[in-house]
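Chain IDs A, B, C, D and E follow the sequence of writing; residue 1 opens each chain.
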Amino acid sequence: AAARDQIRIVGSSTVFPYTQAVAEEFSNQTGAPSPIVESTGTGGGMQIFCAGIGEQHPDITGASRAMKASEFELCQQNGVTDISEAMIGYDGLSLAVSNANDFAWDLTLEEIFLALAAEVPVDGEWVANPYRQWSEINENLPATEILVMGPPPTSGTRDAFVELAMHAGCKTLDYVEQGGFDSAWINENCSRMRTDGPFVEAGENDNLIVQRLQADPNAMGIFGYSFLYENLDTLKGVNIGGVEPDLDTIADFSYPIARPLYFYVKNAHRGVIPNLQEFVEEYMSDEALAAGGYLSERGLVALSDEDRAALQDAVLSGASFQPE
Amino acid sequence: MNDMRILERQVENNEIKISARDVQVYYGATHAIKDVAIDIRDKMVTAFIGPSGCGKSTFLRTLNRMNDTIDIARVEGRIELDGQDIYDPKVDPVQLRARVGMVFQKPNPFPKSIYDNVAYGPRIHGLARNKAELDEIVESSLRRAALWNEAKDRLLQPGTGLSGGQQQRLCIARAIATRPEVLLMDEPCSALDPIATAQVEELIDDLRSQFSVVIVTHSMQQAARVSQRTAFFHLGNLVEYGETGQIFTNPRDPRTESYISGRIG
Amino acid sequence: MTYFAFLLLFAAALFGYALNLRAARHIRDGGQRLHSLGGFHGGYAFLLVLVPCFILLVLWIALQNGVVDRLVMAGLPEGALAGTNPALILSEIRSLAGGRVFGTPEPWKIEAAERMTTLRAQATNLMFVVVTALALALLVLSRRSVSADFRARQGVERIVLGLMIFCSVVAVFTTIGIILALVFETWRFFQMVPVTEFLFGTRWEPQIPIRADQIAAEGAFGWIPVLLGTLVITFVALFIAVPIGLMSAIYLNEFASRRFRKIAKPVLEILAGVPTVVYGFFAILVVAPAIRSLGAQLGLPIAPNTALAAGSVMGIMLIPFISSFADDALSAVPRSLRDGALALGATRAETVLNVLFPAAIPGIVGGVLLAVSRAIGETMIVVMAAGLMARMTINPLDSVTTITVQIVTLLIGDTSFDSPKTLAAFALGFMLFIVTLCINVAALRIVRKYRELYD
Amino acid sequence: MADHTAHRVDWTDPALQARLRKRNRKQRWLRGLGLTAIGLAFLVLFILIATLVSSGFRAFTQTHVTISVHYDPELMNEADPGRGNFRALMPQVMAQYFPEASDAELRNLTAILSNGAQFMVRDRVVANPALIGQTVSLRVPVSDPYDQLHKGLIDRETPERIRRLNDAQIAAFDRLDQAGMISAPLNWALLLNADSRFPELAGLRGALIGSFYALMVCFLLSFPIGIGAAIYLEEFAPRNRISDLIEVNINNLAAVPSVVFGLLALAVFLGWFGMPRSAPFVGGMTLALMTLPTIIIATRAALKAVPPSIREAALGVGASKQQVVFQHVLPLAMPGILTGTIIGLAQALGETAPLLLIGMNAFITAAPGSPFEPSTALPTQIFIWADSPERGFVSRTSAAILVLLTFLVAMNALAIFLRSKFERRW
Amino acid sequence: MNDMRILERQVENNEIKISARDVQVYYGATHAIKDVAIDIRDKMVTAFIGPSGCGKSTFLRTLNRMNDTIDIARVEGRIELDGQDIYDPKVDPVQLRARVGMVFQKPNPFPKSIYDNVAYGPRIHGLARNKAELDEIVESSLRRAALWNEAKDRLLQPGTGLSGGQQQRLCIARAIATRPEVLLMDEPCSALDPIATAQVEELIDDLRSQFSVVIVTHSMQQAARVSQRTAFFHLGNLVEYGETGQIFTNPRDPRTESYISGRIG
């Protein structure tokens, strides 16, 4: 195979747009060959990334979760021993409805849980979710069908949503608080989304959810904040606990569903694959990462200044990653 | 082998069944039938002869409007069946074809059982009130087509499993089962061997007692053997039409004469 | 450089052609009768030179770099490889050899890179020499074969036949490849999940935890609901495609004017060529909301991802399969049968329904079965428009999922790659292969059985 | 036995007449149903295309703003003009039109220009370093929200709070518009640019070239191999169980879902042979595997349709089997083969799923220079754009689909043309 | 019409061209040709007659191994052409067919120009060294097939554009252009009208001066007119073989007699 002169990047579809932005900026600025960014999903990306060292293997993978021990193991087996991890910021998830829906939505995590979980407590019993209308959960909510479109179980977004919204909502239930259950119980019982209709697994394509919300005023959607941001004239965010989703509330976690995004670099490729080091530098630059940088323009919630400085140090020096 | 029984036959003067006047047929721009006028009599066999491509089949198909199925074919002139213009818009070609049956050059049984082949016409036209009547129609049609003995034990087997000659007789049985008044046959024997040919010719002779039969043939011996009247076509024109004996022994038109005297069978 | 080698080879082959042609002509002009035409003697030389040398060239090019790399690596100084990854050093050396230098590489690396460059050049030269030698040898061989009774035609035909057999083998190997690729992973899957659970389980919830520390509900791998969903969508698709397709075929074949038919058929065929992504958007953004609002007016509860939307759009895509196949099949019924029915006084409708249709059944069945296979295997429409949750339902108003949807979401998700989830995709792919295989065997049987009814 | 055929049928019988009317009515029904079916199919096609056109036509123009740029020598590096600070130049450009604006406001105003504007400005001076110190007038695209505004997709009536652009931004844009600097020419960038994060810069060039390479590879492989295999199987292979098996197997291949071909390519081409990811060459090979059965089936059908009398005639004068096939049968079968090939290629052109698995859904801002360089293809590009948050991509997705459909219709037309051309020869 | 010139004709005693012994042909399990032994002489026309399905075509096709192309057909026995066994594995069927030409029942010109139709055989066999020689072969073949006058102005027009009779003569020209030693003709006139038939028959009579000609026909008149020797097949057996005059006037086998005396032409 001919020697490769482009950087190859794989990984999560959530990190994809940010990496795209850096790649384009990088290639425009330096005139270097355009890096190739593929959206393979986090798991698929890890698989390809960890397949080995050398030109035929990618240099960077994006991830919407941290690398798992098993994946790290795979990397080690294939000789990918020296990896740097970069946690580049947070991705805000948002709940949104169409502007045509004139109710002023404001939900608590508990209400979200009651609407979407497979099993909920009713009158002290842990039973299959009986709620079909929002008003059955809280009479102040409208008497419309519960219809929420969200990511499928294969997606990292779903995982984040379950952990940040569902678990949190579950824990605040009286039944759970008084029951004194441990986290194992919570993991087991609070993670399942209902499969009887009100929650619709709408696929990985967030734009489709957006367009479907526009078509159906009663539907609610869960997707990346950047999609809400682009469509603010037709969609509106659902407040959670009185907090409206926007860049600031997500950054300070007062809007409670945001998750960290990562990328992983093969240190062995630095200095071997042309421009790789320069590309990582561009990714780590303040212009990209800082609040107000071009990544935050696309909806990335930036790290705090100290965190960013630490990150830049670690990544640029090629600190080796070890999974906890 | 030489067969000159023509003179022996008596030609009755039956009434006119079909009368055609000024018939023109065009295929797109080609003028395939020119100015043909002919009277076809009832209870008689009329033979159409003529060189290949002279328009025999074309004219035959105007008689039951089978030309309607050819997109580019166009018919002009007047053709009357029992005095009624068959190209009158009020005439239903479906009914017309039930009255003027047709047998084709290549046997074309339906891929159905022998019984269903024969019963098909009576069924769609509602000619039988019940199963028994239908059975009877099938049997008598097959008998008349001289196929009953060979077919009676295999009525439910496919008609396509018969031999060529049997298939042709099956098609004749199918055609007569709807009790047509005129039966058109386009070279019914060209696919058959001499033995099957003989059987079909016998049948035609027999059918004449009830139908008006028109037969197209390339074989002049055949025309001489089975027909009472013969029409000779040439390049789309009806050159000569008259009693078979007269046509073969004493043709009036030089073209007829030269065609017939071609030393060929 | 390699282009040049191919060009040279081609020229040599042409030269052989001309040489043998002339030799053969010479013999013929000498008054002897040739067994084969001069062109065949030429062609024999052409193929004899071209085919082996071509194979050699391709193999050489494919293997050359690997061999050179081995040689370079073997020639590295002792201990240079200690503690590092050879693959990486190799690619660094390759980079250097390609003229891309970062930082200051160790001298032995530069040396190795130089060695690599010279070795490559030598290998290329050697390749030229070997190929030229082989071509010359073959040229001589073929030239010496020319004689009056040499069966050059048979020689050429044997080579051509060999090439054609090779082509068929490619098609067969594709299947073998598919089966192997699927079977291997399926096997691994069945070591994690029992076959019986997969085949007879009625729950499909492959929610294996994504992170080790996060325990979602345990995964369930029963493919029945997925199969059921596939069948529901297929059924809906056929419910749309078969009547519309057949009716269109009948109209085109029996009632339409020639001009209309000539235009309408290709226009209908556009429907089959529209990329399925487009249908996916159409289903989810146009059809599904329409069906839902219709359902709301009728008071029917309709799921947003209703199988009706995906199925009916898929049905639209399949219309031309059925209409074109049925139209061809109807047209293939001999005209004599149609004439036979019409001459009995059957109406056109009766002719089509009673005579043409039964006779055309094998062709029509072929088209329908192809449509069924397509419906079962169709991916993008359902990925976009069908649901993801597997449920034991046969209600087309509900949301169902299909085998292909599961394959795609399992493969393109964020799960790690060796979990049962991704392996399940291969198992599903394998089952899909078997299902379509059964359908095709059935199709062949049916066609065989009803064939030869008419003739 | 009473010979029923002796009686003539009385066709004036009212029962028979009524029956006749009923049968004719049935025929009219059938005809009506057929016409309805075709009408329905056409209607759907029409709706499909109308939907695409109505959402996609806007992408065929792009709003531009004509700016005049002063190449300030202070910001340039005369030796290497490409290295200048062009980002800093952009607020200066805007300052000409908004002299009263503060620096912060200027940065905001710069957002009216596309992010690509700075690079266009740069490329201009790189091409002609003599421009340094001079002032040039340039037409550059405006960024996506302003493009939306100019196309009327941002409703000025919506409350400012939820509007994509606030009142000040709209006012600034309107000022440029009134100054006659705004124009909306045909969006050639859609065809001539490669992909970009920015809708106003994004184009299909990479995808078009990638699709072209992939399709070429697909054609060069599947056409000869398919015809070779079909000829062997139809004309030379012995008829036995094995050939039956092969026939079923090839029919089955035609029905194997395209994802499975993707899986195969992933395992074999990328896994075993170590071919590069995302390369149109590999994509073409994958599509060729998919197209192969279609071509084989079509070719076999076409070969079968050649009348046996032609074969007999050639054999009768002493032609060998291969001469018969290559000199007589194949030319006669050509129209059918070509139709099958083009239909197969049209499917390949629109195929997405297998390309997703071999990485042809990558983001690449440069068009490939050879079939071995990474690139996307039209359908995967559509797939990527469809999943992009920026509003501009909504209409661009539809426009890309329209481009794809145009190629498709062109290929179908080619099939029909070739077919009738070959058929009319004798 | 009655044509009994047979007796006038003198039957020369030419040498044996093809000799068949013990020939059996099977189609799968059906035994289509049984124990046939026959000697076909050079420079003579031999006619095969017999009812439909008796195996005439099948036997004809064994003579140039056209049966090889039918998968299920199997030939046993010994057939020699000029003393050499043609089923010997060493014999190249392609070359054999160049020596034993064939004309089929249905005219089957290639969809190429008239010139290319005739030139095809000489081209693939390399019979002409240059264009001039090829032109000469084409012209003389067309002349012998009595088509030259009709075709000479349209040599480059498609052969499929000719009329049926012309097409059949074109096929004959094509067959004789390779200069075969034996010419096999399977019902060459059945698709033709009487005029074209006459032309082809004249041609056959003419060809006899150079080739050995074998002709299958359903028409006994035709057999009587053109052949010197006649073979009568029945149910796969060669019932009788002898001089045409003798077969038609004085058949030895009762089956031959009953077939010939069937009152049919």
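Rule of thumb we're sticking to: a residue touches a chain if its C-beta (ideal position, glycine included) is under 8 Å from a C-beta of that chain, and two chains touch if they have at least 3 such contacts.
It should be emphasised that the depicted structure is a prediction, and the values quoted were computed from it without experimental measurement.
Trainee: In how few steps can one go from chain A to chain B if every step must land on a touching chain?
Mentor: Tracing touching chains, the least step count from chain A to chain B comes to 2.
Trainee: Work out which chains are contact partners of both chain C and chain D.
Mentor: In this structure, the chains that contact chain D and also chain C are A, B, E.
Trainee: Which contact partners do chain A and chain E have in common?
Mentor: Touching chain A as well as chain E, we find C, D.
Trainee: Indicate, using Cα centroids, the chain positioned nearest the centre of all protein chains shown.
Mentor: Going by the distance between chain centres and the overall C-alpha centre, it is C.
Trainee: Looking at B-D and C-E, which pair shares more C-beta contacts?
Mentor: B-D
Trainee: What is the distance in Å between the mean C-alpha positions of chain D and chain E?
Mentor: That gives a centre separation of 59 Å.
Trainee: In whole angstrom, what separates the CA-based centres of chain A and chain C?
Mentor: Chain centres of chain A and chain C, defined by C-alpha means, are spaced 35 Å apart.
Trainee: How many angstrom between the C-alpha centroids of chain C and chain B?
Mentor: 55
Trainee: Distance from the CA centroid of chain A to that of chain D, rounded to the nearest Å?
Mentor: 31
Trainee: Please set out, as single numbers or ranges, the residues of chain C touching at least two other chains.
Mentor: 153, 347, 350, 383, 411-412
Trainee: Hunt down the residues of chain E that sit against at least two other chains at once, touch-wise.
Mentor: Correct list: 94-95, 124-125.
Trainee: Touching at least two other chains at once: which residues of chain D meet that condition?
Mentor: Each of 23-24, 320, 386 in chain D touches at least two other chains.
Trainee: For this structure, give each pair of chains that are touching.
Mentor: Taking the chains two at a time, the touching pairs are A-C, A-D, B-C, B-D, B-E, C-D, C-E, D-E.
Trainee: Per the contact definition, I'd like the list of chain B residues that touch chain C in the complex.
Mentor: 64, 66, 69, 71, 94-99, 101-102, 104, 106, 108-112, 120-121, 124-125, 158, 160, 171, 174-175, 178
Trainee: Which residues of chain D touch chain C in the complex?
Mentor: These residues of chain D touch chain C: 23-24, 26-27, 29-31, 33-38, 40-42, 44-45, 47-48, 51-52, 224-229, 231-233, 236-237, 244, 246-261, 263-264, 267-268, 289, 292-293, 296, 320-322, 343, 346-347, 349-353, 356-357, 379, 382-383, 386, 397, 401, 404-405, 408-409, 411-413, 416.
Trainee: Could you please specify the touching residues of chain B with respect to chain E in the complex?
Mentor: Touch residues, chain B against chain E: 1-3, 51-53, 163-165, 190, 192-198, 218-222, 259, 262-265.
Trainee: Using the touch definition up top, name the residues of chain D that touch chain A in the complex.
Mentor: 82, 116, 119, 154-155, 158, 162-164, 194, 196-198, 274, 276-278, 359, 361-366, 372, 374, 384, 386-391, 393-394
Trainee: Considering the complex alone, what residue numbers of chain C touch chain B?
Mentor: It is residues 257-258, 334, 336-347, 350, 354-355, 358-359, 453-455 of chain C that touch chain B.
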